[in-house]
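Shared between the two complexes below is subunit A, which has subunit B as its partner in the first and subunit C in the second.
What follows is the complex of A and B.
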């Protein structure tokens, strides 16, 4: 007993047995719930293997499983209690794959990234899995009305996503309306074959609907009366429904009392007249999205005043008038969220009058409001001290001393976007007082240096995401300070911070939760830095080292060995060759690979590497490989579900950092 | 959920027992039920009272120091509604648990589950999970004295499935 306390003894005494023998399975399940990676647990013994098999509820198979049915069957037999099957990594799911799914526990299945199955497979699925409640068939461009009819036989269905199923028509939707009477959530975004008739049928039959997405459908006022009869409808998305006009809204006679959230963004044919009618009938609206819609005038603001429960409004991209903004400032309700992102016409005067009134604002987005100055920032920070999110990318007229006010007054900030602003180290010193900050974007902030980041490292311990894209004043010293202080960091972007060396990466390797590293255009980074990250950041899922000219094959070896979660890589313009790629082929989870302008690639080496990667779904290569890679290799990969994107971009030298803004953004 | 406390009276001596209740617990007066056969008194507490109780609990199969630490947590955690006091109590218990043998913690998990104290259950389960998470498969076997009953082929087949078949 005494001995046990003196030494820090980890091993249980010889005489004691395995403590797990005395606890029930329920208790082991509770422990497993706290364990992130349960695979090692299942390898310990047959008993643990069996327990873990009964515990697992969510299964996300890799692509190879659906190509090899024996493997799929084995996997499904191993995990009989799975309730959610996520096949979004498997592009190739055939009808016979679906026929193996015979599981009464299965509640939900995600087939949004899968092709090749038809109504036959869906029919089998629905008949064998009697408790299916949630099916995601987004992107099912190949699915026709027969497939919809197959889904319709699932009487227990509550959530159905058919977004982008362009081949569906009113007939298919009609079948679903009649068959799935318990539907609560339905997404028909981009189902261009569906018209007023189909939507009206939904309104008539699916009385339990809470949420309906009809974005981009060519519907008109004819379907609205039946939608109005949906007593429980809380959320309606009509993004891009250009057939809905002022006249359609004016014709709404009854009220839509249950509606809480309405998205009418990109509805070009709705002006303040239509909105006014809407506010009379949908009096309980809490969230309204009118982005890229009407002109925001005093008339519009005054009509919106009728919405006594309004909490959030989005006016992105609208042209606003000063009187319109002042009108918003006159409302009785106190908004929680406001977005004026990319609005033209936002001035200090108008914005100040809003924030002075709406002091309970939690989220404010003034991205690209290029006319506002420090006056607005002063008013915002002093009035809205409860701010949780502030986005002010490209508010280029705001002078540097204004940023000090943010840290002085807004202590609850969790998200702050200062991209492309004049903030300096003094500003960052103040921002570091926001100890709740989890997302900080400082891209294109040319006046910040390591000193500012040292403050952030000291003050913002909860930081999860940091963007320093093209903030060239940043060097290893600043990154180290952040890595030391912000141990929960998951995403960092240091692209084009040319002075960054391996030393920064070695510091970052201490952030064991790091899953995304973007370090494009850092010529001083070598394979040693990559190795440091690979060894310690086991969660690494996305790595972008485009234009890191000095990273070569020796950087790929540790990635292949340690980075079991790596999904996405960009190796363009690096010094990696066929050999390096072949190492990467052993990563079962690699899905997306971009390798442009890499000199060391030969067609045969590339072919071998691509064939080895079992899970590739997207590969970006230079056009010349389209003809030089063997035809059979390309066909084989495409059959496995891999999509090739061919690029012809000419080699580009980097411009002077301060001139880059004139260049079009590099996308790949 | 209600909590039952059973007090057994020694047949020879009489004992006086003082029960302390937290000042801000429920108004319900617990009414004792005396069972003359085994000389025990059963008192049932209401929900609110059981969450704020300061009565020390007895934990089977652990040493007195551990029992004291858990009771200290229950006392502190139940004594105040303030976030900082509760967080301190959690941190103290957490640092104590980190120094204990893993077998003890598993016993504590069972205890927490039996008494249905979900705060304790979360702390203890997380600790066991953290210990397991940092270890290799062989190390886990060693700590818990578990024999490897897989054949090398079986083990390799499972490892392959883990690598190629699904995401965790």
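What follows is the complex of A and C.
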């Protein structure tokens, strides 16, 4: 609209000066920031084109640009001010591609989804981009120590992510520690080749480190003294570090005053003894994660009391005792976040004593605390009125009237997970009073109907995510109500809601920000519903229509035409054939494709479709295609960076949703 | 004694007569003869002279007589060899012998450098060890085959502690030196003399740099030569990884260096057209997907094992080389 006006003005005032000459570039940039899609802007005139070229700061090229480096070069020449380059759509980034990235403005580059580059490309990149501050090299299983040495020559580096770079050893990390002295954030998750020596050297050299992730490394107490000397270390993640034991923590004599966040989840060898020493030394801890770790007893709770600044604690999966919970209830500090997800032994008694004390709780997670009843919910809602997030999936003993209390008292709720609970429409009516709600999960809630959803649609205008997985009471009416009221909806899951038809999808198409639609097992959905979504929901990135038997090729055509952002698709058990797939091949972004048990596929058609897709990274297919697809085609695709997953899944009949409930009760 | 002097004179005249045409073996025989005669001279002289508590008197070593007495068991030799490192030569480890309580013996340079110390009285053949000599004597008659003749002669309890002096003038181990530090055994004397006063004729064939005068030193060096895998950017090599990292953490600007024959390098895909089916990682399976790291007690052992395995590999290569090299070093003798 704005552009149209400008054009008119231009024609009228042809003889006069261009008013845009009086407007400074900053103002135009500010205008551009507000525009959703800047491509039309750049097509208006040469000036506008130039302005847009100077304005763009982040670039996310399509895969086709990296397969031909002339294209990449042209793209980069067009946008000289790019500071962040996101190559996560491009699985195939070669050394020559990286060598062409000579851009002094580039601050940050994401190579986490790319392969085929080596130390040669990296050293060229680092030498030409002098201001590089952030490099993401996650999933670089092919990167070795020479590559690490190449990265180490980047002296300005502040953030480096090397998670899953399994081939790296202490030598490579040693080079990085010596070379990148300004490093502030380092992620070495799953770098199994790194041992105590490498980590200790980081502690000695990289004095500016603020955040360090050493998850799953085989480190022991030998590296801890060196880490203790890091004055600015605020966040340390030691998830799954089984080499860290009570003994290691006991040896931490000096204080660790800077540490604010510590994640020691899955550390099997830490008990309350170790935690006790930890709390004595790291007195300023604010966030502590001990998931799947020690037994929560009174001793543990009492030792945790020493942490006077504690705000958040996660005890997922730990076995808790009642006395332990009551001990938590005795603390002086007031927690903001507490997670007891999947903890065994959580009772009404213990939980009530906690929430009575910790009235400032913002986030509470009691997923799968199956012994909880209405009493706890009543206590929670009355004490913790400032709750922002409540997750209570599978608290099956809670009766339906308890949910009314949630809406009654907790008005600030933004996230609510009521999956697999007995909530009914009355409960939803009350929940709809939480106007700030953005994430609502109502999966396997067999007692809700359209009526409840109508209330939600009216009350929760800010809803972004709605999960109605297997909530079979929901029909088109409810969905339409939600679509009408929640215009900001981005993600919806209506899988196995068998009564959904195309009219639900047509109403959902009004939500133009929709990026994820999961509608598995909805046999009444046809291609016209898909078409409606495709035409209006331009942001669609993930589509799951598994077992939607009536969706065929005519649904693929509009997707191919309109859904330029589509990344992930599941078409298993549908009626799509080769022809439909070939249409989809024109989608430049498509990365992940699952097509199992689709009868209409032939090897040649499938091969043609797969070859046409430029950016495929993952394809899940029936095993019989492994032999019937030409060998060369498979090799070509794999060379491009695509991974094939072969499945032998037997055709599955639909399960009765009620049998799900019975199963969970059996577990108890 | 006069007899012996006559014999010596004969020999000298003979050798002086034909200086050129002497072949290697002849030379050896002649030197052997000479040494045996000299030894006998000395021993007879020694038996004539009174052996008193005189540290200054150059009393010849009685152990040379008849090729007996030097405690040359292999055990002793090896123990002494291990003990007598370069360092031990210089440092006298807390010797508490007050001067005057021990006797000082000084051997001649030729004696020290002589390849054989035990000589057959019948044929003059030289041997390094008394046991070897006894074996040889069996060939000279049945009387040497008796258990009594074959038995190791036990050394009489030494009445006096013996210490040795180096004949080289100016050496700290020389008895005339102001800060005289005696050497403890004959083997020490030999090793000291060869190391300090002889030129180094044996070279390590691996690094072609290090030279030695004592073959045992060369062998010890070969055990360690070239095994240092851990390399720093300043050029220093280390035998252990933790030593390398200790060095790097001490200094600024030193980084670990990656040696060229690193096996990792060969695995990288260097060309665009390289179609390699490397094991791709499933991006979606995160924390739960790594049972090997989580459940096994200490997979770290895998890494240590691989280190030791490669050690074994290099060790075996070493061994192969040594076997081949052994003969060559023998040739040098």
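Going forward, the second predicted complex is superposed on the first by the 639 of 668 C-alpha atoms of A that agree within 3 Å, B and C clash if a C-alpha of one lies under 4 Å from a C-alpha of the other, contacts with A are read in each partner's own complex, and residues count from 1 in each chain.
As a convention for this text, a contact is a pair of C-beta atoms (placed from the backbone, for glycine too) under 8 Å apart; a residue touches a chain by one contact, two chains touch by 3 or more.
Given the structure is predicted, the values throughout are model-derived calculations rather than measurements.
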| item | value |
| --- | --- |
| Touched partner set for A:588, first subunit B, second subunit C, both or neither | first |
| First, second, both or neither for A:284, with subunit B first and subunit C second | neither |
| First, second, both or neither for A:146, with subunit B first and subunit C second | second |
| Subunit B versus subunit C as contact partner of A:333, first or second or both or neither | neither |
| First (subunit B), second (subunit C), both or neither touched by A:120 | second |
| Which superposed partner A:192 touches (first subunit B, second subunit C, both, neither) | second |
| Touched partner set for A:295, first subunit B, second subunit C, both or neither | neither |
| Subunit A contact footprint on subunit B (complex, rising order) | 63, 65, 99, 101-103, 106-107, 109-110, 113, 121-122, 125-126, 128-130, 132-133, 135-137, 140-150, 155, 158-159, 161-168 |
| Footprint of subunit B on subunit A - complex, ascending | 1, 4-5, 8-12, 14, 16-20, 22-24, 26-27, 30-49, 59-62, 64-65, 71, 74-75, 78, 89, 564, 588-589, 614 |
| Subunit C-touching residues of subunit A, taken from the complex the two chains share | 94-96, 113, 116, 118-120, 139, 141-142, 144-147, 149, 152, 164, 167, 170-171, 174-175, 178-179, 190, 192-193, 195, 197-198, 200-201, 204-205, 216, 218, 239-240, 242-243, 266, 618, 635, 638-639, 643, 645 |
| Footprint of subunit A on subunit C - complex, ascending | 241-242, 245, 248-249, 253-256, 258, 262, 264-265, 267-270, 272, 275, 277-283, 287, 290, 293-294, 298-300, 303 |
